[in-house]
Amino acid sequence: MSIVEQYRTKVKELLSSGQVKMVIGYGAGTTPDRRRPLFMRSPEDADKMLLDNACIANLSGYLVSEGLLSDEKRVAIMLRPEGVRSINILAAESQLKAEQIVIVGFDTAGEELRAIEGSEAKDFCALIDSLKESAPLQAPDPLFERIVQMSPQERFNYWQEEFSKCIKCYACRQSCPMCYCRRCIVDSNQPQWINTSSHTLGNFEWNIVRAFHLAGRCVACGNCDRSCPVNIPLRFINRRMGMEVLEVFDHFPGMSESQEPVLASFKKDDPETFIL
Amino acid sequence: MSEPFEPKIVAFVCTYCTYAGADLAGTSRLKYAPNVRIVRLPCTGRISPMFILKALQKGADGVLVSGCHPGDCHFTHGNYHARRRWTVFRALLEFTGIPLERVKFSWISAAEGVKFAEFINTITEDIRKQGPFDQYKQLIRDTESPATL
Amino acid sequence: MTRILFADKLDNCLERWRSAGISVIGPVKKSNSSGYSAVTKAAEFDFNLVLPERSIKELFFPQSEPLMRYEIKKQEINTSEFKAPTSERIIFGVRPCDAAGLAIDDPLFGWDYQDEYWFQRRRETVLVTIACTKADDFCMCTSLKLTPDSEKGSDILLRPLENNSGWQVEELTDRGREAFKIIADLLQESQEKAAPTAVVEEKFDLEAALAWLKEPENFESHFWKEISMRCIGCGSCTFLCPTCHCFDIQDEGDTYSGIRRKNWDSCSFALFTMHTSGHNPRSTQSARWRQRIMHKFNYFPGKFNLNSCSGCGRCSRQCPVDMGITETLQELSKLLR
Amino acid sequence: MKENSINAQDNIYKPAIMKVVAKHDEAPGVKTLRIEFVDPVEHERFKTTYRTGMFGLYGVYGEGESTFCVASPETRKEYIECTFRQSGRVTSVLANAEIGDLITYRGPYGNRFPIEEFYGKNLLFIAGGIALPPTRSVIWSCLDQREKFGKVTIVYGARTVADLVYKHELDEWMERDDVELVLAVDPGGESPDWKHKVGFVPTVLEQAAPSPDNCIAVLCGPPIMIKFTLIALKKLGFDEKSVYTTLENRMKCGVGKCGRCNVGSVYICKEGPVFTADEVSRMPAADL
Amino acid sequence: MAKIGVFICHCGENVAAKIDCTQLTAAIGEHPGVAVSVEYKYFCSDPGQESVKKAIREHGLTGVVVAACSPRMHEATFRNACAEAGLNPYLCEIANIREHCSWVHTDKDMATIKALEITRSLVEKVKRNNELRPIEVPVTRRALVIGGGIAGIQAALDIANAGHEVVLVEREASLGGHMAQLSETFPTLDCSQCIMTPRMVEAARHPKIRLLTYAEIERVEGYIGNFKVKVRMKSRSVDMKKCTGCGDCMLKCPVKKISSEFDCGLGKRAAIYTPFAQSVPNIPVIDKKRCTYFKNGKCQICSKSCPINAIDFTIEDEFLDIEIGAIVVATGFQIQNTAMYGEYGYGKYADVITGLQFERLASASGPTSGKILRPSDNSEPQTVVFIQCAGSRDPSKGVRYCSKICCMYTAKHAMLYAHKVHGGKTHIFYMDIRAGGKGYDEFTRRAIEEDEASYVRGRVSKVWQENGRLMVRGVDTLLGRPVEVAADMVVLATAIIAQPDAKEFAKTVGIGYDEYGFYNEAHLKLRPVESSTAGIYLAGCCQSPKDIPDSVAQASATASKVLALFSKEQLEREPVVASNNEATCAGCWGCVLACPYGAIEQKDILDRSGRLIKRVASVNPGLCQGCGTCVTFCRSNSIDLAGFTERQIFAEVMGL
């Protein structure tokens, strides 16, 4: 039985037994290479479900849509490992209760679709531990390396060009599972810290603050990057933040629901070589 | 033309240590460069990265953030939180090409009037050498210019 | 025999127009993103794009337009206004759907009050449209009763030659004729055949959809919740749409001087209609998506007798969650049957 | 930039500069400003266009603009009065305006109360809380030409005594023989010396029982009050077509372009803010 | 949108000399919202303050900016003046154009521009200031005094005598501190124990004082008026309720050769012991590290010898949670270990001793019953050399500061020696004689003139042993020649240093300390007995070296502060506290983790039927100290800090 079949059966069982009220997964998209989020509420819906290498979106953001979890009923969701990490962070930040989420895990790393054992976020701890270990060993991205090698002036120019394209549609924010604020700081107008205009200055501010707010919280699912209609390589900024918290504070976001947020905690001997 | 460039520097400091250190520099009649403008805050923990961005938008060529030495925070650990925040924020600034020479961090206690004065002189000289932050200022100017298309 | 503009003459054309004080804009791909940008050499054009990712709208209704500069003095307020640029320009290589989109918004910006920022640019711009010979899965102009070689909104319509060496020229308006007079001698009479226009399948029954939308009881149909469930509430569909025209007015600057700007805004955003009291007439994403569809296919036609959609398909093409007008109208046109 | 500037009337987004000439605290968080045009040309334009019911965008450069009605009547066009609750960014700054300060005004926009059609008829004004200002504009427009109308009844209620606005004018109306004023506060909102009614507006209205004959009702208030007052009015025999109300929504342009103020297909800024109850009933309730 | 008054103070010439105040006044007067802008010689003077008040009333000002000295100097002054004129004091801001401008810059033009920008930015801030009202918090009228030396005892007695409860915590087994170790005290030469022990007893017996000895502070939480203190009662292994203090156990204990801490190693004690004979309480403790039973599980002789079975080896540490309104920290000092001066031979030669050891030798209750005897051979020294500043005022090896009491006690030692050993010779090497104080200089003169102490101005370079004597080589800088003295005993005037755990303890309590570990006062001159943490006061040597009269005076001063606090049931606190916008709070609890004071709690928002709508953060204004760390943490900008709101700071930066 293929993984898709196996998971369809699983979804049907989850729904027909009443264990969950909904399964969030993937369905066919407009074109053959596209997948779209699918909300399955009856066992028959499972027939529309797909699972393959094209299923890359991190769907965990849907869990915090208003009202979905307030009835305490369980919801199942198909997640890759980074999606499970998102669940851990959302739980750590009190946005949901991890035990209310049934995880249907899968991974497409190494091009091969495979199922991951486990049904709650806590079942994936060992997997995430190993992800942390291998995080520094990730193959370098040539463009990322190029950006790192640039002089500050070149880097500024690079990002200036990229950010000048930004149209402030906030697709990066809306697609990010971590951007659950009821009111985003950019929508706070007393004072208006971030210029809402999409001139390059305003775009610079927005993208810097967005990245800062995700520092130590981003699981590198790539939703923002893929959502950007003007193809700004947002993943790089997030990756740089992720590298920093890992290297300096040994923080790998989403290890468990009891993990302390990296910026709301500290160690007295945190490095401070840059402080004069 | 040959007027030396006078950088504009905005300093965000905590009231208990660095602000008091600056006061001490004053009462000790130490002399330092007049390029810095101090914004007083209760604690380094209150200093948000937004302040730094806004100072740049207001045309600052350099920003200084300073507070109590570790362990000395009047609020016991505001500066520890701040330190983490700055570590991450600095990485972000660096990666987006905002030169770190323009955003400096320091611990200056209430007793370190001399350090304060020397620090202001050093940072002013450093930033004078860097020159005006033209790249950022161009972004600001762009917002003020009429639409071209 | 038709007049042909051969591609190898394009640089000469650009030169001519430039000498005449006309700037040229066209489809360009740079920094991994495509849109209509200023062009100085023919090589910069990218005519292979089915459609630039960003629509032509931003050339008439910039994403952030400075309206006026203000300076608050102790006993007076000095303001000086910004005006849309007065220079003439040609947009070369417009897609028919983009040209049609501009025509759709004209009545809106001229409704009682004339928005000069829009009309100034409209007056100074010649739209040289190239008929589509390619389409992708998202194109849906035909569903909107337009065609891949629609003339709507265009001043000149160019039809690509079969061998791709140039374009047949059709002058549609006086403005177009004026602009092409400058390059008249660069055009050649020829019998070269035009390539067939793209085939764009009709994706939904527009009439059925419009009829459904008109029914007052459908306003609160469960359909809206179902169809918009995966909408994440970003503004990319509205910002890329050639006809979406909503905007915000914001003051930016320090406390005593700054600039009042008109910025794109989106009905997808929760904040769009939020009262300061906290009450929000369109508090859910489904209400916001309904507003978008209703506005385009019910309210707008009711006022201006036009659908506020030219079928470019950008909303679906760029949607992070694979939604869009096509899917919605497809689904709701099925509801009547 | 000089060469770029265009004529003031060409730019529909350019506001007029106004000087604050008087200010008054109405209720906790509620203020009234009286403002005057600095530019006589702008003032002239206002005088020729303003009719009661229209609104404007009041603004402060650096903060933005906020929409509310013109609270002064069309019979008094030397100035504009506006009454607002301090809630957002703009109103917070406007609330701190001092006499002599300069603010901005864009308008008047929108439709109006068809006062000519009210001639010879009895008038019933019903308002709740902070919604008295639009009503007050009509009230004075009518009282300033009192002879053209029949009986005038005003029913005004607020949550508490402190929340009543225009207290000095309420006193004035109370003393006039040609106006019947019914004042009420919600139960629990009365002060020890409160001499008027205690109860919700719909109830108080039913008790007052004005006759629907040859009567036009003008009703302004929060949605919940409107809903129940309309029921009461129907009970009293009023026709929805002769009940007028005003709607408000978030606005940015005021001139039908920015795309946010519509309720269903109706643009409040251009087709409103004045509607009959009949018109409102045909709007999709879910969009209000 | 505002009527701001700007008052530019010349501060005599302090500001005016470097800043063109007239130009500044005119320039700021042109700023939007500035209703009045005036300059004056001294705004802090009465007429100056009056003119501010008058302007507030006349112009109906909505805010005031005083451009003058540091807000740390006169913010309170001007805020009071505003309040007196009917303007909320928090609508007043100080632009620091003296310490931060005129005093530190030389270029008048640049300084004037800077002063204008500083002032302008505060005008923009003050436009957005909100009226704030003091927060009232209840006060627990019970004081905690930490440290049972003379300072702690004095503070405890003063507070208790005023009728308030006091918890007096001492970490040693007995009250007394260092003063109990001293022989006689300068300048009166009255017996230290004679004046100390009655006070110890008084404190122990006072009905309002709860004495906790052999106890340590484990944790301090809360805030002024409402501290929650956890005290660890270290187990004595002796039941305090039963023990009568007969002392049989100490006599029977087989482990008797433990070097006595109280006697500075000059005497011995048992494993079960009281620190000294007059200990209060007179109840022994078992030194668990030395006790045979605790080491090997055998012995229990003390237990068997106790006639009332008061010894209980099973007693464990106990913890007490006490609610406290105010804390007096009187944790005292240590003396520096002088072994780092290898050339003085301390630790190498038994007869090189510290001043404190000399006190024990001279003390009638000491190991030698008051006889001055050499530790090496119990012989009476005929020549004694005193070395002053053996650690103090020595940036290279010791400490930078003066320990303040050594000049006096060395003179005292010379006198005591002269009185006890007739014909003995004393040589005192000194740097300066610092004898400021009532009767102090007379005292040192007496040592020189009557008791023939021989003062040699100069430092000692080496002490070595030769033929059973200590050879002291120094220099007489007055005569400009080297000096060599053969002595029988050398006494080092060691430096006073902070307690070794002073810094750790400061963090437990939540107060600041200086580079030496002495606790920081809120203001060296004006608030010398208050720590920078509200409700915590400092007495005695934990703040800086001082002698007995100073310690007692400071202790009484802390008592008066505590009593002032206890004089009201409610305390008015600075309203500079955080508050949360519940409508926009996302409930991520980052602020809860970030708050150093645990001042942020979770709050449930319920609908009318009691159903939970959402959980948000809620700030307890009584606990909040106003650091603002939570504000910066809050991603949605929901929390804000009164007095330093986001709007204010934004405007301040944008006004620069």
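Note that the chains take the letters A, B, C, D and E in the order they are written out, and that residue 1 is the start of every chain.
One rule holds for everything that comes next: a contact is a pair of C-beta atoms (placed from the backbone, for glycine too) under 8 Å apart; a residue touches a chain by one contact, two chains touch by 3 or more.
All values derive from a computational prediction rather than experimental measurement.
The minimal number of chain-to-chain contact steps leading from chain D to chain E is 1.
When every chain is represented by the mean of its C-alpha atoms, the one lying closest to the mean of all protein C-alpha atoms is B. More contacting C-beta pairs link the chains of B-C than the other of the two pairs C-E and B-C.
Distance between Cα centroids is largest for the pairing of chain E with C. Chain A and chain B have Cα centroids separated by 33 Å. Spacing of chain B relative to chain D, judged by their CA centroids, is 50 angstrom. Residues of chain E in contact with two or more other chains: 583, 594, 633, 650-651, 654. Residues of chain C in contact with two or more other chains: 69, 72, 82-83, 248, 250, 252, 254-256. Contact with two or more other chains is made by residues 1, 4, 88 of chain D. Chains touching one another form the pairs A-B, A-C, A-D, A-E, B-C, B-E, C-D, C-E, D-E.
Of all residues in chain E, those touching chain C in their complex are 30-34, 124, 127, 583, 651, 654-655. Listing the residues of chain B that touch chain A in their complex gives 49-50, 53-54, 57, 70-71, 77, 80-81, 83-100, 104-107, 119, 135, 139-140, 142-143.
Those residues of chain B that touch chain E in the shared complex are 6, 10, 15-16, 19-20, 22-23, 25-27, 29-32, 34, 37-43, 45-48, 51, 54-55, 58, 60, 71-72, 74-78, 81-82, 85, 111, 117. Note for the complex: chain D touches chain A at residues 88-89, 92. Listing the residues of chain A that touch chain C in their complex gives 29-31, 34-37, 39, 57, 61-62, 66, 161-162, 165, 167-171, 173-175, 187, 192, 195-199, 202, 223, 226-227, 229-231, 233.
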